[in-house]
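Read through the structure below, which is laid out as structure tokens, and then see the notes.
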């Protein structure tokens, strides 16, 4: 492996890693758009995802070595906050690509997904990854918006992949709501440009993140608060916060399972990342906690509503998508509280939630294929039918519900301590929400994994490796957090907390 | 003292002008319409002859009619004429303008409307009640729209006095988008208030659609003549109001024979133009269905309201 | 100086036209008249851009004005018109039982946006700053249109009119965003438009309808 340590000029290599990480999914997507043989496409998808992951590792090593820096004329930058998200994204993208091979092969062979749709799926998958990475690394808040929109449009096409009535209706709803949310976010961005252009003049500098951050105290507080209101609703729609969440369960329920996994595990993270970036700016500009309070409000609302809605579901993917809303609510609360400890908890939670939730969707996908339905009352006796899938679902549910040895427990515990320090009264709704969600998860999962096998079950070739990898990592993060990761979290938390 | 007397005389002149010209306006509109339909049409003076004919005929009353039915035409006629005398058409700053503003004018028109509805229900025929209920429903929408439209102008003039508003309109140096909104709203309301096409048709007695005609179905003779005349004055009133607020050029700001003659000529020319426009509109449009009328009036209200908002957003913020 | 004053007033008039068109879009129930108003919005937007270009020193705004006229005044309406004609839905009328309620909400939204924009407008020294409240209102009204309409085509026009309103905001409040962002946004809108077209044909062949309520009902039944 090429080691960046041998590089004589530290400036030279980051650019290469940048270009490498960003170009890999773009080229991969183009290539896959023209790959006609399905079997080849499966491996190309994995290869390019692996290359992207490699690039992000290189990028991460750079940051570990050099620290935060800019690249490509200051249009991109990495710091402790976004580099770990880049690695996380490319890692989950890689495992999802590995998982999606057998899964999509099943859909293609057994369920008659046409060849050209498979091509669309692969091309859009890579384009989505490109949008994600662009969104995380760009230094320009305008480009950030464009990247999120790009990732959204790619997932709209992915959600409607099966072209069933329900999937088209779901994709349309997703498209419309996301379109409205994204419009509000652009409006907020324009407002920020409105005040920043009085400092930097009419140029890209007025949209550049690092410049804005350095001059945040000169930005007009009234405008910034107003802009944050729009950004909160806009990006909040993409995070899936209540009451703008209605697209999310439909989109998760109707798309192919790998898409549900990356939607929950990645896209929601990008939207939250963007929102937190703006929160940092607004906090510095206004010198008050207003933005944080707004986030706590929406986070708590999402937590409670999602936990209650979880009980009313019949579709297993919709049920777990409500769990995603609940966890995004938790993270929003964590960043809203905004102390270094709370931000640390939020970042850790982001990581473990991405790992565990995508792992759960992997097992759910196989379970649904085995039982021929996503309806929970038709899924019975998974452990007897296919122990791997059954235990996977049970362990994943235990992990996401916050059982002790897993990382979710650690992050929730940290969040509770942070809440006790700053907003003790918030403990009550937090605990209530988590308990309700806990009850809902086990109420549905228990009959699905135990008991007699349903008669309509068929055998599927399950790819359990990505699932085990995800859960093992989540377990590891629960037992002990590696020093370099902990260091990043601390740095990023200090950055977000405005240290 | 002499000055005041002249002003009052002028005011009286102006009011009697309204009174006398009103049937002529109806005649002009009818003539234009006839020409547009390739007919020769009746003489311009036909409305006067109609009125004379009605005045010489006997008035018949239903047995169960009360004093309300008998007094209504007089009240309606007087209220409308008083309202008309408030509008400055030739000279501004007349005594009546000092006494009563645009709100008073609207109130007088509302009074007339109230009495006509009351009289329509007095006898208890089906048509009268139906017409009255329709009239009141629509007026609930038309009046706010009209007031809002006039208010946009008074916001600019900082006064509800019609003479002050005319001064303001004469001295507009900037382009005011809000004025355009107000004009559109007032035009729409005027059409509805006078029962013209596309809202109502003054020449038809079709039970399904009529509003104003349904209410006065039981009147005859000189009572009918008074009501008809009041309706003609009302048409002239709205025409003059729109002219004075949005195109007051030529109106006399000082007292003198020449300015007054010029103002008279200008006013008359503009009235004829407006009559032509009304005739063209009525020939081109079809009557809209009755249940669409609230939507129509609501649109007028929205336009007027938008005018007010635009005034605050674009015109106050700047200065 | 006199010319500057005149252009500013012309921009004010364009702004009030934008507001009027937003209301007109909300009040129409025939598909084709909605489309006509949408096209008119694109043209007013192009004129506004041209006017701003005349008083600011950003030459790229001339280019923007031309592009706006071409794309939003002509191309997009034409594409939508073709879809409408192809699918024989030009006679379709959208049932709107609560037009007055919609209008009252719309008027309320204008008041709200006026309230929001007032403190922001005060701090700008750009000649066009007083259009910000109207720009905000047009964004909200586009959203209202998207929410209250049930036909896919009208929802799309609502979406595109929000896009127009955002462009108007950028032009009015800041004399346009930097070029790279403008191009990126335009690119996104173009992709979105392509996806719309895809969805239309898909919906048409799967459901034989472009009515979202019907489609959702059918999706539930299956």
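Each chain carries a letter (A, B and C) given by its place in the written order, and its residues are counted from 1.
Basically, a contact is a pair of C-beta atoms (placed from the backbone, for glycine too) under 8 Å apart; a residue touches a chain by one contact, two chains touch by 3 or more.
The structure presented is a predicted model; accordingly, all values stated were derived computationally and were not measured.
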Query raised in the report: If you take the mean of the Cα atoms for each chain, which one ends up farthest from chain B?
Result: A
Requested in this report: State the pair of chains with the top count of C-beta pairs in contact.
Outcome: A-C
Report task. Return the chain label for which the distance between chain Cα mean and whole-protein Cα mean is smallest. Result -> C
Query raised in the report: What is the distance, in whole Å, between the centres of chain A and chain C, each centre taken as the mean of its C-alpha atoms?
Result: 31
Query raised in the report: CA centre of chain B versus CA centre of chain C: separation in Å?
Result: 38
**Report entry** Centre-of-Cα separation between chain B and chain A, whole angstrom
**Finding:** 66
Query raised in the report: For chain C, which residues are in contact with chain A within the complex?
Result: 58, 116, 119-120, 123-125, 132, 136, 139, 142-143, 146, 152, 155, 159, 162-163, 166, 169-170, 173-178, 180-181, 184-185, 187-188, 191-192, 195, 199, 202-203, 206-207, 212, 215-216, 218-220, 222
Report summary line: chain B residues touching chain C in their complex are 174-175, 177-178, 180-181, 294-295, 298-299, 302, 305-306, 309-310, 312-315, 317-318
Requested in this report: Could you please specify the touching residues of chain A with respect to chain C in the complex?
Outcome: 140, 142-143, 145-146, 149-150, 153, 156-157, 160, 163-166, 168-173, 175-176, 179-180, 183-184, 186-187, 190-191, 193-195, 197-198, 202-204, 206-207, 220, 222-223, 226
**Report entry** chain C to chain B touching residues, read off their complex
**Finding:** 9-10, 12-13, 15-17, 19-20, 23, 27, 99-100, 103, 106-107, 110-111, 114, 118, 121, 130-131, 133-134
